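I've put the structures underneath this note.
Shared between the two complexes below is chain A, which pairs with chain B and chain C, respectively.
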Partner chain A sequence: MIEAIVQFIGVLILLTAFEILAQSYIRPMINTVAIQSILLAVIMVITGILENRLDFIILAVLTIAVRGIAIPEVLKKDVKKHGIWVYREVGTRVPSLVIVGLILSIVGYVIYRAAFSVMQGDLPFILFLLGFLVIIAKKNALAQMVGYIVEENALLYAGITISHMPLILEAGIFLDLLALVLAGVILAAEKDYGVLELEELVG
Partner chain B sequence: MNLQVVNVVQVLVVMAFSPLMVGILKKIEARIESRKGISVFQPYYDIAKFFRKELIIPKNANAFFVIAPIVSFSCYIILPMVLPIVYGNPCPYAPMVDFLGGAFIFALASFVSTIATADLSYYTSIGASRAVTFGSFAEPTLIMVFFGVALITKTNNPFITNHVLAKNVHWIISPTHLLIVAAFFMLLLFDTGKIPVESEGLMEFGMIDEGKMMEYSSTLYALSKWGSYMKSFILMSVFLNVFAFPWGVAMDTSVKSIIFGTVTLLLKMLCLILCFAFVEETFAKLRLFKLIDYLTISFLLAILSIVSFFIFGGVPA
Partner chain C sequence: MYAEMLLLTPILASILCVVIPKTREAVSLISSIVCVFASLHVIGLKNEWFYIDTFSAVVLILIQSIYFLSVLYSLYFVRVVEKELFLRRRYYYALINLFAMSMSFSAMCRNLGLVWVGLEATTIVSALLIVLERNKASIEAAWRYILIASSGLGIALFSLILFHRVFGTLDWVNAGSNKALVVAALALIGFGTKVGLFPSHTWLPDAHGIAPPSVSAMLSATLLPVALLAYYKVFIPSCNPSVAYLTCFFGVTTALIAALLTIPQKKIKRLFAYSSMDVMGIATVGVGLSAFNPAVLKAVMLLLVIHAFSKASLFFTGGNVITALKTHDIEKFGLINRLPATGIAMIISALAVTGAPPFASFVAELIILSASLRFPALTALLSTAIVIAFLSINYHVVRMCFGEGEKVKLSVLADLAPLISCVVFVVISAVVLGGLM
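Our next item is the complex of A and B:
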């Protein structure tokens, strides 16, 4: 029963990734990634209780605080500041993007199974690929940041399903993300012409 | 009760109660919108009125114009004989078809109505071409849903699927099954023309099925209309009895259990109609070219159900 619930939440996390892929408005995209992080935290709590590990619970609380609340709020503030991002990504191609995502998930599953036939890490791997796809397909920097958060979520998810990373590493991932968002926000504050555009993130 | 009699009972249940369900849905929606609404029996009155009207056949109608409504109506009479509507064991004709066979009979009905109306007039050809365009995007989802069910239950037969799901409760909460149910529900909204799609009604920008009936009158119109009610009823009972809620189907042929099966079917359908009313009152109509996005999402759910089946190594024990 509990296994079925964890599996179902895993599929829901995958669905949120597809929702981010198909969504053309920025604000719902940020809300969806917050929901994804909270779902991940629920998995962490369940695994933590099952395996009797306190660090998973701490990690879940951190995840909800940082990815579920803090980072989405910061990003949404940015959406508000630059009116142009309130509206939408230009030119969404929902059917083709979803089909590409589906092909990517099937390919990801096949590759993962070919490489690691024993370990149950397909879902994080597919999520990781979908995060890449979000970054590639979206033109808007905020949307790309959302894609980056999806990837970090995938790493964390892999960490709790495949092998148990030490807490310090997981905390490191949080700091990574915070630094990225901070850099984005500082860039946005420095300039006034809608800084968070693609050109700013290209080297 | 003889199995042939059960067959006739299934057909009669579909013919008799399908307009009632439409009336109930309209009434519930009217009450939600604080209107008094039409009587729940209004669809019956409408059909009776159409039968009494004068029959007019357009000058440029092709050979299929007259026989199309009759053929599609007969398809909807045949389908209850081969699907679990109120009785959960195969009736005499059921072994002839599986899920795909049922889908073929549905396809025959829409095929004849499409070729009858494709070149008739402006509105009918709009309806026919739209039905074909969007139908081609809806079919892959249907096929994937059948594949998903076949993976879980190792069969492509609706009766066995019903039995297997009713016996294994833990399969019902598996992600594979839940995603299949979600995908089929989206398809059900599309096929019955409910609001995110709204293919019924006379709005030119959205009409699909109604457009095909534009040139029909009298008996032929009544048969098309009644046929479309029966189509929704059959699809809804397949959704309930095979996918979403496989319990409460009559398992023996005694009069008592057949009546029990009919009553539970109608109760289940009332719950489904409440879901429909909720969806119709809370969602907005999609623009016509956005329908492909909608159908893509249902396709996504169907494929993910199959992917999740393989990821988790089958249904949970």
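Our next item is the complex of A and C:
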């Protein structure tokens, strides 16, 4: 029963990733990633109680505090400051991106199952690929930041479901630190030079 | 005790830089000197936390030596930067110390989770160092760097999660041996991003091109080898012929593409960045070939040592050109006439980094090439990459160094770090050649 609930929440998390891919407004994208982080925290709490792992519970608290509340709030404040973010994201072709996301999910599932037929972890693996896609495909810094948080969620999800990895709390802390640095760079850049948009991730 | 010293000294120095800003330069210099000596005493250290084999020891000594040279060069460069700085000078020195510390931590740890934490910390610290100068290009380069490097390290963390599942431990020394192709492949792509391997190398020329020369030197000469060492720690337990072929494939592709990309370069530091990518590609091929012939790993270490000192020298001399002649472009400067010490150091370093005889990098590349002879296609591609990089980089450097021009006066400090670097790799080359004869 509990396993079914965890699986169900996992599917919800995956759906939030598709919502982020499909969304061309920045503010709903940030709200969705906050919901995704909170859903992940629920899985962490359930797994932590079942496995008697305090670090998973601490990780859940951190997940809610940093990626569920703090970073989304900072990003939303930035959206308010620059009117442009409230409107549609320029230049990303959303319909084709959703199709690419679907194809990527199927390919990811097949590859993962072929490599690890008995091992759980296909959902986090697909989520990770979708996070990667958000970073590559979206052009503005705030959307890429959302993609980074999706990736981070996927990694922590994998850490608690695939191997119950030790040091996952430490990894989570460092991933959060990097997320804060990313947010800091965006804020600093936009304060001085306006919106940070990169045509591509190639110099 | 010495291992702890390598971690605690830079942390203490960072705190002092922030708390007592006036001491930032002296404290950082002393910290780097202490670390150089400490690194010589940790070779062979094996305990619950650290495992310092020959490869780790070589990388550790490189980190501390380049840390010292970079702080020495910073004494000149940070003073002469005219534009408004993104960070205050005290934070710059604090972060340089922390950058060295996080690389040392990653190189020393036996737990792969901690190795990853160390590398992630290097991204956090170095991203702030790249944006020393307050301009949009710096911030965009830093953004690209953090985003690509963190995505790569995300893939690396995924590989470690699978590693833990497959091997039941994160201790690479006691992991045993398991033919885990997917784990190694993900680690290659993940850590490879930090090594600068194709196709996720795009952050490298940007970050190296924009960062201050002292930071470019640390990124190129030490961070890339630290990331290669991290991959090596996954490569050893999961090694099988398929993993070795994959490693060689990524390595040779990177070397070839980087060599080709050096040809049209117009900016001094981007040229040197692509040269780093080329050398790391060759070193990655060496790591792959070490699966068939473990002796090749010694050639990889030798290549990394010569590359570290010669590349640091190239970035420092590039910094001298930027500050003295106020340009980032590759032009006919006549450096030999205008900045004689800088020009000579640049020519010698370029020859060493491209594997010209009699430098030890020539011997190292020769050993890697001869080990690749069992795969003729690999030998052909690798030798093509080496020849193209040699001709292209030296052509650009010769263009900058020869010609007419009036002498420009530079501070003694500007030439000190590149000249020390040159002396070190010339002495190492002489010792290696002496040993061979």
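The rule is simple: the second predicted complex is superposed on the first by the 166 of 203 C-alpha atoms of A that agree within 3 Å, B and C clash if a C-alpha of one lies under 4 Å from a C-alpha of the other, contacts with A are read in each partner's own complex, and residues count from 1 in each chain.
Operating definition for what follows: a residue touches a chain if its C-beta (ideal position, glycine included) is under 8 Å from a C-beta of that chain, and two chains touch if they have at least 3 such contacts.
Bear in mind that the values here come from a model prediction, so they are computed numbers and not experimental data.
Of the two partner chains, chain B is the only one touched by A:Phe18; chain C is not. Within the superposed three-chain model, A:Phe8 lies in touch with chain B and out of touch with chain C [touch as defined at top]. In the superposition on chain A, A:Ile99 makes contact with chain B only, not with chain C.
In the superposed three-chain model, the partner touching more residues of chain A is C, compared with the other of chain B and chain C.
Contacts of A:Leu175 after superposition: chain C is touched, whereas chain B is not reached. Applying the stated contact rule after C-alpha superposition, one finds that A:Tyr109 touches chain B and leaves chain C untouched. Contact residues on chain C toward chain A in their complex (touch as defined above): 86, 111, 113-114, 116-117, 120-121, 123-124, 127-128, 131, 134, 136, 139-144, 146-148, 150-151, 154-155, 157-158, 160-162, 164-165, 170, 181-182, 202-203, 205-206, 209. By the touch criterion given at the top, residues 115-116, 119, 121, 125, 128, 131-132, 135, 141, 144, 148, 151-152, 154-155, 158-159, 162-163, 165-167, 170-171, 174-175, 177-178, 181-182, 185-186, 188-189, 192-193, 196, 198, 201-203 of chain A touch chain C in their complex. Taken in their complex, chain A has these residues touching chain B: 1, 3-4, 7-8, 10-11, 14-15, 18, 22, 94-95, 98-99, 101-102, 105-106, 109, 122-123. Chain B makes touch with chain A in their complex at residues 170, 173-175, 178-179, 292-293, 296-297, 299-301, 303-304, 307-308, 310-312, 316.
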